[in-house]
Structures are given as C-alpha cells and as structure tokens.
Amino acid sequence: MAEFLSLQEAVSKHINNGDTVAMEGFTHLIPFAAGHEIIRQEKRDLTLIRMTPDLVYDQMIGAGCAKKLIFSWGGNPGVGSLHRLRDAVEKGWPHQIEILEHSHAAMANAYEAGAAGLPLAVLRGYVGSDLPKVNDQIKFIECPFTGERLAAVPSVRPDVAVIHAQRADRKGNVLIEGIVGIQKEVVLAAKRSIVTVEEVVDDLGASVNACVLPSWAITAIAEAPKGAKPSYALGYYDRDNAFYKDWDGIARDRDTFQAWLKENVFEKGAA
Amino acid sequence: MAEFLSLQEAVSKHINNGDTVAMEGFTHLIPFAAGHEIIRQEKRDLTLIRMTPDLVYDQMIGAGCAKKLIFSWGGNPGVGSLHRLRDAVEKGWPHQIEILEHSHAAMANAYEAGAAGLPLAVLRGYVGSDLPKVNDQIKFIECPFTGERLAAVPSVRPDVAVIHAQRADRKGNVLIEGIVGIQKEVVLAAKRSIVTVEEVVDDLGASVNACVLPSWAITAIAEAPKGAKPSYALGYYDRDNAFYKDWDGIARDRDTFQAWLKENVFEKGAA
Amino acid sequence: MSLEFTSSEMMSVTAARALTNDMTCFVGIGLPSEAANLARLTHAPDVTLIYESGTLQTKPDVLPLSIGDGELCESALTTVSVPEMFRYWLQGGHISVGFLGTAQIDRFANLNTTLIGDYREPKVRLPGGGGAPEIATNAKEVFITVKHSKRTFVKDVDFVTTVGFGRDGKARDNVPHIGRGPTVVITDLCILKPDPETKELVVTSLHPNVTREDVIEATGWDIRFADELVTTPAPTARELDVLRDLKARTNAHHSSTQSGQQ
Amino acid sequence: MSLEFTSSEMMSVTAARALTNDMTCFVGIGLPSEAANLARLTHAPDVTLIYESGTLQTKPDVLPLSIGDGELCESALTTVSVPEMFRYWLQGGHISVGFLGTAQIDRFANLNTTLIGDYREPKVRLPGGGGAPEIATNAKEVFITVKHSKRTFVKDVDFVTTVGFGRDGKARDNVPHIGRGPTVVITDLCILKPDPETKELVVTSLHPNVTREDVIEATGWDIRFADELVTTPAPTARELDVLRDLKARTNAHHSSTQSGQQ
C-alpha cells in the first residue's frame, strides 16, 4: 500500500545518492516540485533517466545532482537548447556528466519492457542511424521465425520512479488523465515510486478504463498542488509556455541560473 | 476511412473461404451476430483464431466453417466443455480440424506484437509446460543482455479481424468500453477489419483516454444491435448466463445442435 | 454447537482462509473465484482480486460465471487490456498469489487441463491452458483448490499444461525470475503441501470427519502424511452464512436471462 | 494582384500543400507542425495529425509550443500512451507521412539532430534523435521542411541521427518493412526531391524570385537542378490569411503566462 508522506519526507526516505532515478511525464505532468525538492536536499551522483530531460533535468543537472543522463531528446521544446545540459556536456560545468542516448521509440519500448518485467525490448528501430555506434546498449537480434534483424535495448528498471498525477484517493489509488506518456510504465518498472498529486480526494471520478495506478503498486504519495508547474496538469492549470521561453535566457548564463536557483528553489520550501 | 455496410455485405465482401479470421472480445462484446452471418454465408476452410473460442466458435465449428483453430482456452466459461469443438477434435465431426494451442499470455502477447507490426512476441512463458512439445510455433531465444532464456511466439497477423463494440460515430470512429480485451490489438494487427456496433451516434461521448479506434484504422462498420448476445455489451445489456448454461445441453448432441442452428441462425436474418 | 456443512463448503472455507488482506490474487474461475470472494467478504475485506479479463481490484457482489462478467468490470478500480494484464501486472511481478483449479494434478503439483490420453488422439479434450501456465510461474506463489478423487489426483499427469515442480520435482531449480510455485493444495478432504526437499505433495491437515483412508482411497499414488498431521478447523457460522448467501445470490443471478436494457 | 509574403511564409505554405486530406501524418514540432496545421485549416480539413505525445487525430486551435501541449490532447479523438503510440501507431504501419525538421541535412537526406563536431568532444550539442529515427523508417514516406543555409545543407552530416538514404544512398535497399524515406524537402528557397536512381537531392522547383545562384550559395555541396525546373506557385491570399491568423493566435497564447485554474 502507498504511504502518504510529505514531499520532503518522500524524497528523503526513498531517493539516495547514487540512485538511478526516472522522473517522467511527457511534456504534461512533469514532476517539477519533486525535482526542486531533490535539488534542495542536494542529492548527488544520480543516474537520471527521462525521454525528454526538459527544464526539470536542466535544473537538476545545473544544480549538480547528476552523474549520468539517459535520454532521447534533450531540448527545450519549441524554444531551443537546454543550456545547463549543454554546459555540462560541452564544458563540464558544474562537472562532467556521462550521457547515453536513445531514440524515443527505443526508450518508450524500454520502459514498456521494464513494466512487463522483461530484461529487453525488441523493436524495428535504429535502421541506418549512427546511434548504435555511440550507445553500446543497442544490440540487434534475429527473429527466429522470419530471420528479420530487429533492434534490442535493455529494459529500464530504475531504483526510483517519480511522477506527478492529477489526484489520489484516500486509499492511495492514483488517477492520471490526458497525455499519460510513460508514467504507468515507469512506476511499474521501478523498485520504488514517488507520486506527487494535485490533490487527495474521496472519489477519483475515474471512467471505466481510466489510467489508474492502484495503491499497492505505489511506494509513496505526496500532495503537491501545482507540482507540475511550469509544465501542466490537465483539468487544473495550463502549461506556462511563457516561462519555457523565459528559461532560455535564465539558463544561458551560469550566474543568472544560480541566482534563479537560489531564489526559486533553495529559498522556497516544498512547492 | 471505414466503410459503413450491412453485416451481410461486410461479411460477403471481406471474408473469403480459406481466410485466417480472428474474432475477438474477451467474454465481453463477442461478435455473435457476425459469427452467425458467417455461418449463414457458409464460409469454409477458415483458420479461426481466438483466445477463448467460446460459444461463437463452437457454433461455427459445428456448422463446418473451420479448417483450423488457434486458441488458448477452449471451454464454456463456468459451465464445462465446448461440445462441438470436442466433437470435431475427438471424433472429426463434421470434419477433422487442426488445432494449435497456446497459453493466454502467449496469445495476448502475439496479438500485441501483431498490432506493433513485429514478427514475434517475447515473453517469460511456457517454463516447464508441455505445450512447446506439441506447438512447433513456440521457440526460445536468449536475451543478448542477460542471457536469460525467454519464450518467443510468432505475432498474430490475421487476414480479417472481427469485433463488436458499443458505438461508432458517423465518421466511423469506434468506442470500446469496459473489458476491452484484445480488440484494439486484433484490429490493428489484421489486414482488414469488420466492426459491428450497437448503434451509430453523433458523438461517441468518449473520455479523454478512452479506447477509441479511429475510422482510418478500420475497414468496415456494420450496425448490429444486440450483436454480442448471449455475450454482453457494457451499458447496453447483460451477459445471458442462463443461455451459456443452456448451451451445454443444446451442443452436447449433434441433432439438437443442428435443430438449434437451423432455427436460430439459418432461419433468422442478420441479427 | 456442531454446525452442519458439506465437504464442498469445507473446501471453499479452507481455501478462503489461505488468503490474507495484503495479498494481490490472480483468480481463476470456479472454485478459486468462490474462495477468493469468500475471503473478501469475511476475514480479508481488502484482499486485491484480479481476473485475467483485465479487471483490477474487483469486488463483485455475485460470483462471475465467466472470467469477464460485467459485474467484475463495474466493481473494479479500473479495467485494462488483456495484453497489459499479462505483461504489466502478471509478468511484471505484481501478483502475490495465483489461485488455480485443475482437471488433473500429480504428486509434484503439475496441472493438466489440456487432455486425457494422447495429444494427437485424445480420449477427452479439456479446455487447455488459459492463463494458468504463466500464472504458475510469474505469481510469487500458487494456491490450488480442487475436489479430491482418483481421477483427478494421479501419479503423473497425462500432460503438463502448467508446471508445479515438474516430472522430477526440480523444474524450478535455478530458473531465474520464477515464483515459488504451489505452496498449498486445498481439497474437499484435506490440505496438502509440497515437501520442502522433494516437492512431493504431503497431507498436512485432514478436514473434520475425514480419515487417512478416505484420502488414500481418493489419491492415485501412494500418498504421504505429515508427521504432525492436524485437523482443519471447521467452518464458523459466519463463514457458512456468507458462503451460502453468496451462492444463493449467484444462482439467482445466473439463472435469470438478462435481456433488458440496463 | 501580387501579394507580399516572406520566404518563411512561402516555405510553410509550400510544405502545407504537400499534405492531402487522406494522409495520416506524424508531426514533428516547429516548422512541420506549422505546415501540417496550415494544411488542415486550408485545403486538407480531414488530414489526420498525430503527435508523439500520444494525441491521435488532433485539431489544435493554436500551434503547440511543445509536442504535448494541453491543446493537443483536448482536441484529439483520443490520447494513448507513448509506448502505444510508437508501437501500435507508428511501428504498426498506420502512418502515411512522417513530417520532420532537422538541424543538418546532407545530399542523401540524412538528418543530424545530435551534435556538431565529434561525438565525445562536441562543438555544439543538439537535442538528439527524439522520435525521428523510427518515424523516418516506419512511416510510409517522409517530408522534411527546414530553412536553407550552408550550415544546414552539408555534403555529409556530422552524425546520421536519422537515416535518409544513408552515406551512399543505398541504406534502404533490401531492408524489409522500411518506408520509402524522404520524398520531398521543402525549404524557404526551393523544393528538393531525391533522384530516383542515386537518391541524391535535386532541386525540382524554385520559389518565386529565388535564383539558382541563391540555392547554390546556400547549399554545402555541388547541388543539382532538375532538367524541368519549375517555379513554385506563390501563396494565395487565403493561405496567407490563415497562416498569419494562426501565428498571431499562437503568439498571443504562448506569451501570456497561463496560471489560473481552468
């Protein structure tokens, strides 16, 4: 059964230095409040997994939490670069980070395989791409029925999954609605999971085939209203596209970034 | 785009003698009206695929439509045997049929892989079972990352998928609600598809993550109210459990079965 | 103070008691479903029941006839697709107990639901594997409930549809990512458990008024009894009341043709 | 009767025209998204637009900034998970056109969105592959739209993130279950198509007021021109009106901070 904790307690109890952490939410429901709490608690040497690192990992990488990044598209969507990620990769600031990159299809399949308890995912992918030359985790297998050559990647099985969702009921069942991304998969694939929610309610109000994670499939739940901002929560608040654009200016410069981090993360408590 | 046809036209146009046909619906939404139309049109030499043959295939096998059956559980749920299936397998009446059997997990994975356009499905399955000794389509592969031995089965890619659903809108988008089974998968895995629906409506009334098949992923739609009876359609009518029990008596005897078939299928038009 | 009860009721009540509140149980249709719902309606109100049709955490008011009755879906937390059920929830390792019935079982708890006789020339063709082969290996443990008879309890099953411990009791040894397998078999006569070493089924408890001879008579091999053989506690009045109510509701529900619009 | 328009507008309008009503288009963010929605709002109202965030058949009123803005989900027929999107809808063969942008493109229409320089010592680190590597091979064909410049149009990309026709133009030969690959590249100067034999990109149409020299100047290899070089039709007044309205709505929407409850 999921344990209801404060966000501070959940991060403190379930995320350790050196852990492999996957914080998911495909554009929608990105767990920013949890990311900021990880920064405040100065977690270090994390292997961070996310299809789209987005601003949340740009901030965590800039704050020095990451040792390694596994990803498939590392830009600021519709805006440009993630400058903190680039600064780490290109200039080693605040320190060098290792990167391992995939395509979206491969990562989506790897999460799916992780949720399915399998060691590998098989896909028709990476044909003609140079990515297999720089990622030794991409292999190829032969179909025993047709002889076709197919790509294989290891499944994602993180130590901790972190997601944000619209709401939980009082027993700890969680509803995710809208762009559900790979959130169900990452929670099921992980050893432990932290789910932040907009609110805790008596009744989820879920439709019959809704994306609901049962309480017994979740480790910890923390209430974090507006916990996805500047990403969004369908039915609660919109994506703050203006902030995504502003981030380009904030993150481009180390000093501006550090000032932003101090004011908006360290000097503010859990969102 | 899906074409709206009568059930008679849809079966006549899209199902040929000798085709591989998968009619799905896991207990819920079993396409009985379509099955009866196939019997009336005296389709022959079909390779029938279904996880649970259920009464619909018992009737079609007894009526002589099937050459081969691919399945994973061939009983009358909660009641006992499928006597027409047993009579065909044990006594060759009305003629001998070939069978190829899997476990549910393997067939579910094979449909999933078919929908995913892959030639094979990989699962942790069949460990210690004798099924691989009698089904030469079950093979084993080695994971290139961990060395683990995993089962592999060919994906299901039928000529025709037939399913029943609650409703279509006027553009031909289809909503499936409740026990959705493997209906989405079989339609996406098949070369052609026939979807029968309870009704055609202006607005599907679908929730944001509902199981909806877009019109462009379907070949033909036929209105068939009560088209799943004695199975059921959530929101429309309940499962006729009494008929499932009665079927045991009807199907046990060849003459009773043939009388039933004449009266209830041949002498009645499309449901 | 001695209650009247049938051997079938004894079996269902005993099987129900094997489940606890914190278990996530993948439920087979028939006897396992009856036992699992009895547990939920008595001592284990929060036990999580899952059916292979995709219904997660379901609380039916009457027993389903099939694995996918509307009752299961309407009372579930949510309903997922069948591939998701087998991939994420079963193979993904979220099921603590698989609860199975069978047509044949042998001394190493291997199950046969495929056929009697030879595969290509069957004497009796049974329904087949269904969910059982992977439930038995992917669930953390397996409970089995089945009526005791010489036809059912055979020395060696005609066909291993679903592995218990294999023909030699060693089928799970050194296999990665495999559950513990059958940990208890509950019949209308007794409770059996695998010997920790050999994995052969051993009678550990006799139901009230059942003798060793009754069990020997109903078993197709030279059955062993545990050194500390105990007597299974009789059903309580409450257990019997709840079970009988459940069965009466179920029979009333399934014998009426449901043809109206909801 | 001559309308004023920018080269960017010319590019978007021309790219939009490549889409027809019966296509199912997997849309990349940025220029492809602008073109695809312009097509939907002009000559192809029923074109099916799909974004990798899982939104099937979506009809946004403003252009999304990201691939998963709320607008996309709210106006979609339904929204599926990201694994389902890549497995069933893309790899399953239901996408007729993948519409991509890029940072670098070479003469064989290979795309680089990974980095400039050496992989281990990048001069410029770009975002990476995203959906493109599998969109380019699993969609039946690929349209590319990108601004023309010598930095972008290079003889050989630094890194093949996404295959066009490979380093030698033969990467798709004899590969089973692979799409036709890039069939058209639309820039702000011209339209290019692969030579049917060599697969090298050839200019087939020049936009109004663009000269061969303009294209040669903006291309990093010795660019070839088709024998029957035509002039791209100028945008119509309606196309320009719809495009400008769309961009105005989009800019207004994205510059206001959306912080209220819905």
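Residue numbering begins at 1 within each chain, and the chains themselves are lettered A, B, C and D in the order written.
In this section, a residue touches a chain if its C-beta (ideal position, glycine included) is under 8 Å from a C-beta of that chain, and two chains touch if they have at least 3 such contacts.
Treat the numbers as computed from the prediction; the structure is a model and nothing was measured.
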Between B-C and B-D, flag the pair that has more C-beta pairs in contact. B-C
Chain B to chain C, mean C-alpha position gap in Å, rounds to 27
Per the centroid of Cα atoms for each chain, what is the distance between chain A and chain B, given in Å? 39
Averaging C-alpha coordinates per chain, one finds the centres of chain C and chain D separated by a number of Å equal to 56
So which bits of chain D are touching at least two other chains? 73-74, 79-80, 87, 91, 138, 177
Got the chain B residues that touch at least 2 other chains? 112, 117-118, 123-124, 148, 178, 180, 184-185, 208-211, 234
Between the chains shown, work out who touches whom and classify the graph as line, ring, star, complete or other. other
Which two-chain combinations touch? A-B, A-C, A-D, B-C, B-D
Write out the stretch or stretches of chain A touching chain C in their complex. 1, 112, 115-118, 173, 184-185, 188-189, 206, 208-212, 214, 216-217
Within the complex, chain A is touched by chain B residues 117-120, 122-124, 137, 139, 141, 143-146, 148, 150, 152, 154, 177-178, 180, 207-211, 234
Mind pulling up the chain C residues that touch chain B in the complex? 29-30, 52-55, 64-70, 72-74, 79-83, 85-87, 90-91, 110, 114, 119, 122-134, 137-138, 159-163, 166, 171-172, 175-178, 253-262
Chain B contacts chain C in the complex at 26-28, 51-52, 71-75, 77-79, 81-82, 85-86, 89-90, 101-106, 108-109, 111-112, 123-131, 134, 148, 178-182, 184-185, 211, 229, 232, 234-245
Chain D residues within the chain B interface of the complex: 22, 24, 48, 56-57, 73-74, 77-80, 87-88, 91-94, 138, 177
